[in-house]
Amino acid sequence: MAILCDKNSKVMVQGITGGAGKFHTERMLEYGTRIVGGTSPGKGGQFVCEKPAFDTVAECVEQTGADVSIIFLPARFVKEATIEAIRAGIKFVVVVPEHIPIHDMLHVREDAVKAGATVIGGNTAGVMTPGEVNLGIMPDIAFAPGRVGTVSRSGSITYYVADTLTRTGYGETTCVGLGGDPVLGSTFDEILWKFEEDDKTKAVVMCGEIGGVYEERATDTITKMKTPVLAMIGGITAPPGKRMGHAGAIVEGKMGTAQEKLDMLTEAGAHPCRTFLDIPETLKKLGV
Amino acid sequence: MAILCDKNSKVMVQGITGGAGKFHTERMLEYGTRIVGGTSPGKGGQFVCEKPAFDTVAECVEQTGADVSIIFLPARFVKEATIEAIRAGIKFVVVVPEHIPIHDMLHVREDAVKAGATVIGGNTAGVMTPGEVNLGIMPDIAFAPGRVGTVSRSGSITYYVADTLTRTGYGETTCVGLGGDPVLGSTFDEILWKFEEDDKTKAVVMCGEIGGVYEERATDTITKMKTPVLAMIGGITAPPGKRMGHAGAIVEGKMGTAQEKLDMLTEAGAHPCRTFLDIPETLKKLGV
Amino acid sequence: MRLYEFEGKGLFKKFRIPVAESYLARTPDEVYEAVGRMSTRVVLKSQVLIGGRGKAGGIKFAGGANEARTVARELFKLKIRGYKVDSILLEPMLEIKQEYYLGVTLDRANYKLVVIASGEGGVDIEETAEKHPEKIVRKSFSIHEDLYTFDALDIAKKIGIPQELIKDGAAIVQGLYKMFKAYDAKLVEINPLVLTGDNKLLAADARVSLDDDALFRHPDLKEMDIEMRHEEGEMTPREKQATEWGIPYLDLGGDIGMFPGGAGFGIMGNDFISYFGGKVANFMDSGGGPSPERIAKMLVLLDENPNVAAIFGARFGGISRCDDFAKGVIMFLKDHGLSKPMVMRMTGNMWQEGVRLFEEEKEKNPELFKNVEAHGIETPIEEISKRAVELAKARSGGAK
Amino acid sequence: MRLYEFEGKGLFKKFRIPVAESYLARTPDEVYEAVGRMSTRVVLKSQVLIGGRGKAGGIKFAGGANEARTVARELFKLKIRGYKVDSILLEPMLEIKQEYYLGVTLDRANYKLVVIASGEGGVDIEETAEKHPEKIVRKSFSIHEDLYTFDALDIAKKIGIPQELIKDGAAIVQGLYKMFKAYDAKLVEINPLVLTGDNKLLAADARVSLDDDALFRHPDLKEMDIEMRHEEGEMTPREKQATEWGIPYLDLGGDIGMFPGGAGFGIMGNDFISYFGGKVANFMDSGGGPSPERIAKMLVLLDENPNVAAIFGARFGGISRCDDFAKGVIMFLKDHGLSKPMVMRMTGNMWQEGVRLFEEEKEKNPELFKNVEAHGIETPIEEISKRAVELAKARSGGAK
């Protein structure tokens, strides 16, 4: 099994006729992702990789039965695009673009919670369920089907972790990129709990980083989980308060130094890892 | 019994230190209405008729246990004042001022529905439960405790109907003024249903008028009611489309001519009356 | 408050709703001058605050400055359903491929804003709605909701705007919705929204009605030269007089002068008189808590109306006080004198005090009250109504 | 984007938040002139984009134009935590009876806007929040909610604004909240909000931080002379160079040059090097899908840094392509040449293609690659990290 999406998911692409939309539609299709169509307002009737483009999500859902959407649009259109998907009944939306205005994400989050939909991103590399669905911009080479779930703020960390799990024979159930923007559609705790409820996931690796607030939110959930959680936090040696590229990586007041995050998660029952190679060692000790 | 408010209701007055607020606080107290306090932002700490004024409704509710509010404030403050009362937990709010901006009333209505609160008005003469509570600006002379409920758009019609019921010995359970503004906090059907659920109310007189849309909304409810409904509509002989003082009295398209309203209500099972004297005659026939 | 087409289009521009380039002219010479600057055939549109001006001959075409001036002279003489033409909007004549309807209004019964659109514009939308409901697109919104692009696209598509223009169409829908909310509108309407020969969408007309009670929030209208105004069609001299005095008043043609309290019984009293076989001369509303001066002015309007044979007075003191009412009547009797028979009833708040004031005054000066039959709470209003009908019949009969 | 105090106060005025009358001066002579026009003792406030300027000596007082000019000369020489003083805001010195704190910010964990207020302003609010949480008033709102007067009154009362001024206080709370929403703010803060000797409330400081990603919605800031800017403290020459090239870059003082992919591993790679006993020279972020030109520039920054003893390269091609990455490295090797040893790893999207490009080029010109150890997917990144530490130690050791 997988969380969030699997081989039966009917995926649509918002912004399918744009450069990034086209490029990744092709890549995702190559992987076997079941893309059924997409949207591009004003370009309804066109085709990309033989998949139909519509003007609105509602039309696309009606015509193709799409139940998952991935967004490749300029940041300023993301708020409405995400809300459009949610209102059209889509329960899982992946927001790839970065630099989404924060106030927009607050609106998106409210709509999602109200509708019981899950949004991940912005600035996410997407979600990968190896062997089934590549939903995003992740390079497939790092992944193989297996028994460990991963959830990470950063795309590159997701790849390194999966690479390590694949190389050491654990493989992955689903790999989720939460996204690097300062306000995100979903939080660690929410994704962790989905893994907890997934039979096939025997352990979860969560990778946070300095700054932001979502690692702290996860402690309660980790306490309640039976599935073991391995935790890595990037930025242990980073000087606090200096900008680190990700807007989300500015230390917020007393919260958010990497060491504090790691300590809190460890106290809640997570197993701390310092390098990727610590991951298979820890899994081995846990008998996963 | 009574609907909406009774002798146990703890009433607060929003705008208690203003001219109209003071005047009617005194009158309502004289009638026996249990006024416990009021608000006037910036004037917290003052007293009107020995009742304390507070800066906010929340304080007033906390200090006095108020559970009903009546508003005497300029129209432009009504939106926030009503929402304030609702958010502070008040479940029944009477809006006396007229000329409330329509868009404001839409906001008020949404808040009220969400909180399960009842708002009547704007431009209502209030609610009278004879012998218990005079909540508004109605002259007490017309009223006596009894067994018929009334609900009317217009204050003057409420008085005439009550006068008639009182004079002929039926008396009233509760008399509700819906208000004359074009968009109202409550509708005929909602008040009718409260009367239906009230054991002591043996019949209801509803008085609508030309224009507006709330009479039409009542037909479904009348069909379902066991309590007989008597209906009067003002403006049967009015030329359609000419303004009649009440902004609400402009005929809206095909809807809203007085005769059409009366016909619809009659078809739904209401008993039509043309003059006030028809009311006791009809009640007699119905054996009320 | 209704806006003139040119005012509505001014607001449209603010919300990026495309309109044709246009000129406003207030005299035939201004028309001549403006059309001289325009290189195409022009349309002259009479600016009046009422629909149906096309059918009434208020819209004309002209080929050049001279012809336009001649046409304008005729238009300025026109009265359209009682409305004088004070100005003419000049626009280039458009080649029209298709006409759509687009409007936003209130659904008061359900407390929603509603966008209404149709692929068949330029006609009576209510007729279309009745005969071909399938040709009408409706979407409801809560007052706190925005109208997002996707909803706008959906509307644009459903009314058949060509695919290459649906984003433009959607922007117009969004603009109109934003304008509705931003200006506390009751109605904003583009009828027709046209598809021009060169494939552009333009708002060819603008019908905008704002909530009078919310105008205080929109002082910027004044900066846009949109003055607050009352909606006035053709008024009788008495209606004009009443408007000046701030009294809601309508002449209705019968012979019984109505001197009521609030608007509620103002309307129903009309029905009562009719029910008992009479015909009212007017509608009038005292407003809440009228001053004695206002009461006196209301009576002046009735007493000086030659059609009025008798006056029917009714006061149920609620927020108003019967003693103030009585004072107003006495003020009128003293200052003006009553030449018509009047039957009236006073009850409610302070009615005994009102009656006492009458008796006191009558004792001092019985002559003043010779035409007045005053009743208190003991007489039902139906009796008063019947008596008014009798008095009018007696007098009108005598006068004939 | 942080705003200067004077810019923030400009926005405050738009939302009717009262501020003292003030002058902005950019030279000591401008200070002299402005203070000459003011009749009271003045405060000179250095305009820098950082808190704590008071403690750093950035706020001074003066009694007249001459004294003010002398003080200003010193202030213009000041650097406050790396920030140069380019302008001084002059305000009349206020008699202060009480200082309050008022701010609106984001609660990202709960997706809310939060109003924070305290009766103890003018101090470090975080310290107050920690030591005396009971002295802090917090109220959360959803993004679609308005902050109504009653909530504002409640806040004003709870922080102890005097009864006769609570309506003024509430208006300030509402203004600040409106401003937060209207300008996509991350933080708006008045610290302190002061009660003056003549019983008025004034915003004595303004700390405003807007969301860079939403600035496109606020072109009016430009009309208010608020230019879009990057937040810059004191920068090293290399940081300045990187900023000009649009590359997020920080000097960190060690000897291993970091040449990573995304920011995620950019941060964690730092930890890895440290874990294996090394120390990094920098943080750097390539951004998503960097061009070969950008890749080459990143390497220039490292190769020309004398502190760098070895370079650690890591590329996991996601949205970026390893062949583009390889092209960038080759472009750099050809145009510039690599003087430091570099160990790197390439995997992910198109990594074989990247490796192939390297081999092709190496065959033609082996000398170019003499300092490059390139690995593919087969080598774990930990091994690469360790090797970078070895290389740096060897070189730094040799150089010593």
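Letters A, B, C and D name the chains as they come in the text, with residue numbers starting at 1 for each one.
In this text, a residue touches a chain if its C-beta (ideal position, glycine included) is under 8 Å from a C-beta of that chain, and two chains touch if they have at least 3 such contacts.
Owing to the predicted nature of the structure, the values given are computational and were not obtained by experimental measurement.
> State the pair with the higher C-beta contact count; candidates are A-C and A-D.
Spelling it out, more C-beta pairs touch across A-D than across the other pair.
> Could you tell me which chain lies farthest from subunit B when each chain's centre is the average position of its Cα atoms?
The most remote chain is D.
> Can you compute the centre-to-centre distance for subunit A and subunit B, using the mean CA position of each chain? Integer Å is fine.
54
> Counting in whole Å, what is the centre-to-centre distance of subunit B and subunit D, each centre being its mean C-alpha position?
58
> How many angstrom between the C-alpha centroids of subunit D and subunit A?
From the centre of subunit A to the centre of subunit D is 27 Å.
> At least two partner chains per residue is the criterion; list those residues in subunit D.
Counting only residues that touch two or more other chains, subunit D contributes 144.
> Tell me the shape of the graph of touching chains, choosing from line, ring, star, complete and other.
ring
> How do the chains pair up in terms of touching? List each pair.
So, checking each combination of chains, I get A-C, A-D, B-C, B-D as the touching pairs.
> Enumerate the contact residues on subunit B facing subunit C in the complex.
Touching subunit C: residues 20, 75-76, 98-107, 109-110, 125, 137-139, 141-142, 152-157, 159-160, 163-164, 167, 180, 182-183, 187, 207, 209-210, 212-214, 216-217, 232, 234-239, 242-247, 249, 253-254, 258, 274-277 of subunit B.
> Which of the residues in subunit D end up touching subunit B in this complex?
Result: residues 148-150, 153-154, 157, 163-164, 166-167, 170 of subunit D touch subunit B.
> What does subunit A use to touch subunit C in their complex?
41-42, 44-45, 55-58, 80, 83-84, 87-88
> Per the contact definition, I'd like the list of subunit D residues that touch subunit A in the complex.
Result: residues 106, 108-109, 111-113, 126, 130, 142-144, 181, 184, 186, 211-214, 216-217, 231, 248, 250, 252, 260-268, 270-272, 274-275, 283, 285, 288, 316-319, 347-349, 351, 377, 380-382, 385 of subunit D touch subunit A.
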